[in-house]
């Protein structure tokens, strides 16, 4: 195995570590917002490392391009989604428990 | 290397399984949404790892589709079912 | 024109009409519908003549041929079903024009919206196209897809009535999906065993494996549910009883025959090598139970449409008596004749019920006193259809039952004969009960009239059901020439 | 299943079974919905492991994505009706027990019959391989769907079209108004729409030689439409343009088939030389129609005024 393989394996391992850390955070942390924080780390960083590690091994330019397109999309999507969830949570807690969102 | 990638894929899947505990446990709807998101990115990671391990480049396409669809579903979650119940454990 | 072009017309006309009606929308849907119905029924009748002259043939869609591609198989059995669908379908289309025009006039006077009533046309033509595809098909998976087309368009059509019909449509959907699931699992098992989906190739390769028996059982269960044979009939009366009149006519007269047709194909042809005597007896016994149960239920109904719907439950039972009698000569001719004349008389009965509803605003049998005087054409249609359904001579129903009866007696199976006679008596009881009310003095004078097109088409269909009496010999010849078994 | 993949496959299979069980027994519909979406993603992974990437794509896009959004939408409508009766947790009674035993028996039998398939069972793969050079495409799945068994696909497209008609017959209650979209949601929509369109086009094109095709492309395209609708609700009532697009794919497919029949071939017999371009044409039309179909299924038939019973 050459150095690029080793580097790939290290990066993938780091990525997987972040995934596991994210899940542990999702289980252990006390409230919605902190759990959200943990999850976003897993999403963004974990997937990022895995993509980086694998892109070292990409077989073709097209594959590399797709891999490198994929991560920013995932980053954008999960960050925005987390923001939206957090916003909804805050709105909800301001209105008090039991209130329905669509009731104005 | 192949074996390593399969094992890593299994590890990501395992962490997704851990996250599912949150879905079942709750207590708020936001938690369940988060877990669904985790499955989205976890699924993508598994697909990418499998793409390498199984030697099938086009699995990256499947991952791309999962990313886009997961984003849409996340928005659907928030827009359709923002947390209706009280937060911080009151159910 | 060649056999092939008649077949292509039969296959494509309703499908093309459906999509054109959809694109055209409210303004032109009914015109496209009538035009399509004319072309489609002409094509299917032409096909029947072509088959009677040239015999059965196969047609490789896409040019690949089985097992890779899909082969259609057009024989006399298929041709009869297609022609039946064509003739009854044309009448239903004409009736529907009058029916929806009447609804519109009613809506205009009460200033309500008729809503999406025009959606009837694309869905009905698609249903027709699905049935044609199913009768033409010689491929198990293709049949599955055709079943789906038939099922989904049927659900949409039932839902058109709104209100309580929605629940009936949903139940029909769930049952249809369950039936499809059972069927497709069976198909997968057969494909795993014999690496083909073609009916003819399957017939040649089939042997009595356990998985083949399981496949056969699953497919049969699915198809029995779809053809509403007792005891899987429970979904039919609410669905057919709540739908709009032209929809009820199409479902009760035509759609329930698709499941029966497929079971005939499977058990009397494809699976024949399995040694199927106890299965055919079982199917016949279910049919006998359906005849009795459906008849008794029909007697107790207070609404005309529900009564007619329960009558369908019973009449389907008759068709299934073919299975135990299939080895007797003439039984297939008899069952087919019964199927065709039932299609005509049942469509006519639902049309009559629709006309009655249009005039009276309800269909409670007790309060329909004297509708014979108010609507003589409808009453005549009702009476003629009743003659055929009961099986009095001369009528298609009589000839069909006669053939089955003599097949049963020739085989010494007097118990099947007894059921046939008993079922006829039950049918007479519930139909004559309505007719008795028809010819009493009218108690209400109603100024509303059903559109002429509605009353006339029901009368024509009922007349055809009678005339089917004389179709016995031509049908026999067609089956002979077209090589159905 | 070699040693390399054993752990992964066991975890995956175990998770799927666990999810299926929880899904059926949870009394909270919301959680069940989440698990349903999760189940879809994992099922797509299972299809990957079974070497069926085309199915994996369809499952990820339609099974998890579009269907998930539909179920969420339905759940919101139930929510809006006020405190719905929470679904009763599934208890075991005698009929259910009998049903469960029957299904398990059937499952066991299916398993047995799969295991008893002759070793090296190939189905029709040698016939398919022999016909591939004449099919106009390289991906055998696309060749089957659009050429060898294109007639099936034509009728499947009819089923999708019928689904739209079915939705139009129902007068759904209008969706309760949502909060206006915030800036972040706007950014997300603007940023995601272009890649969605590109990916849909890519999948359509890739279908000729790799997993992909009209259904998968359409699902991604539809996801874009649904996303847009979620941010800024719009109406796709049965107007002329909408109906034209819905019927377009089916009409093109059918007309191609009929034209070929009148030109001397058989119905849907694609001439070898032009098969590739005809397939692309049919798929493009189908993709556009199917995408709009999914969007209509999601948006529904909410009328401006309260849904009136029009029976």
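The letters A, B, C and D name the chains in turn, as written, and every chain counts its residues from 1.
Keep this in mind: contacts are C-beta pairs under 8 Å (C-beta built on N, C-alpha and C of every residue); 3 or more make two chains touch, one makes a residue touch a chain.
Predicted model, so just to flag it, every value in this text is computed and none were measured.
Touch-path distance (fewest steps) from chain B to chain C is 2. Of all the chains shown, the one with its CA centroid nearest the global CA centroid is D. If you compare C-D with A-D, the chain pair joined by more contacting C-beta pairs is C-D.
Mean C-alpha position of chain C lies 31 Å from that of chain D. Computed centre separation for the pair chain A/chain D is 26 angstrom, with centres defined by C-alpha atoms.
With each centre defined as the average position of its C-alpha atoms, the distance from chain A to chain B rounds to 9 Å.
Taking each chain's centre as the average of its CA atoms, chain B and chain D sit 19 Å apart.
Residue positions 14, 16, 33, 35, 40, 61, 64, 68, 70-71, 75, 77, 82, 84 of chain B are each in touch with at least two other chains. Touching of two or more other chains is recorded for no residue of chain C.
Annotation for chain A: residues 69, 73, 76-77, 80-81, 84, 100-101 touch two or more other chains. If you check each pair of chains against the touch rule, the ones that pass are A-B, A-D, B-D, C-D. Per the touch definition, chain A reaches chain D in the complex via residues 69, 73, 76-77, 80-81, 83-84, 87, 100-102.
Of all residues in chain D, those touching chain C in their complex are 106, 109-110, 113-114, 116-117, 121, 123-124, 127-128, 131, 147-152, 155-156, 158-159, 161-163, 165-166, 168-171, 238, 240, 243-244, 246-247, 250-251, 254-255, 257-258, 261, 265-270, 308-311. Contacts from chain A toward chain B in the complex involve residues 1, 5, 9, 12-13, 15-16, 19-20, 22-24, 26-27, 31-32, 35-36, 39, 42-43, 46-47, 50-51, 54, 57, 59-60, 63, 66-67, 69-70, 73-74, 76-78, 80-82, 84-85, 88-89, 91-93, 96-98, 100-101. Residues of chain C that touch chain D in their complex: 4, 8, 11-12, 15-16, 18-20, 22-23, 25, 59-64, 67-70, 112-117, 119, 122-123, 126, 129-130, 133, 141-142, 145-146, 148-149, 152-153, 155-156, 159-163, 165-166, 185, 189, 191-192, 195-196, 210-211, 214. Residue ranges on chain B touching chain A, taken from their complex, read 1, 4-5, 8, 11-12, 14-16, 18-19, 21-22, 28, 30-31, 33-35, 37-38, 40-42, 44-45, 48-49, 51-52, 57, 60-61, 63-64, 67-68, 70-71, 74-75, 77-78, 82-88, 90.
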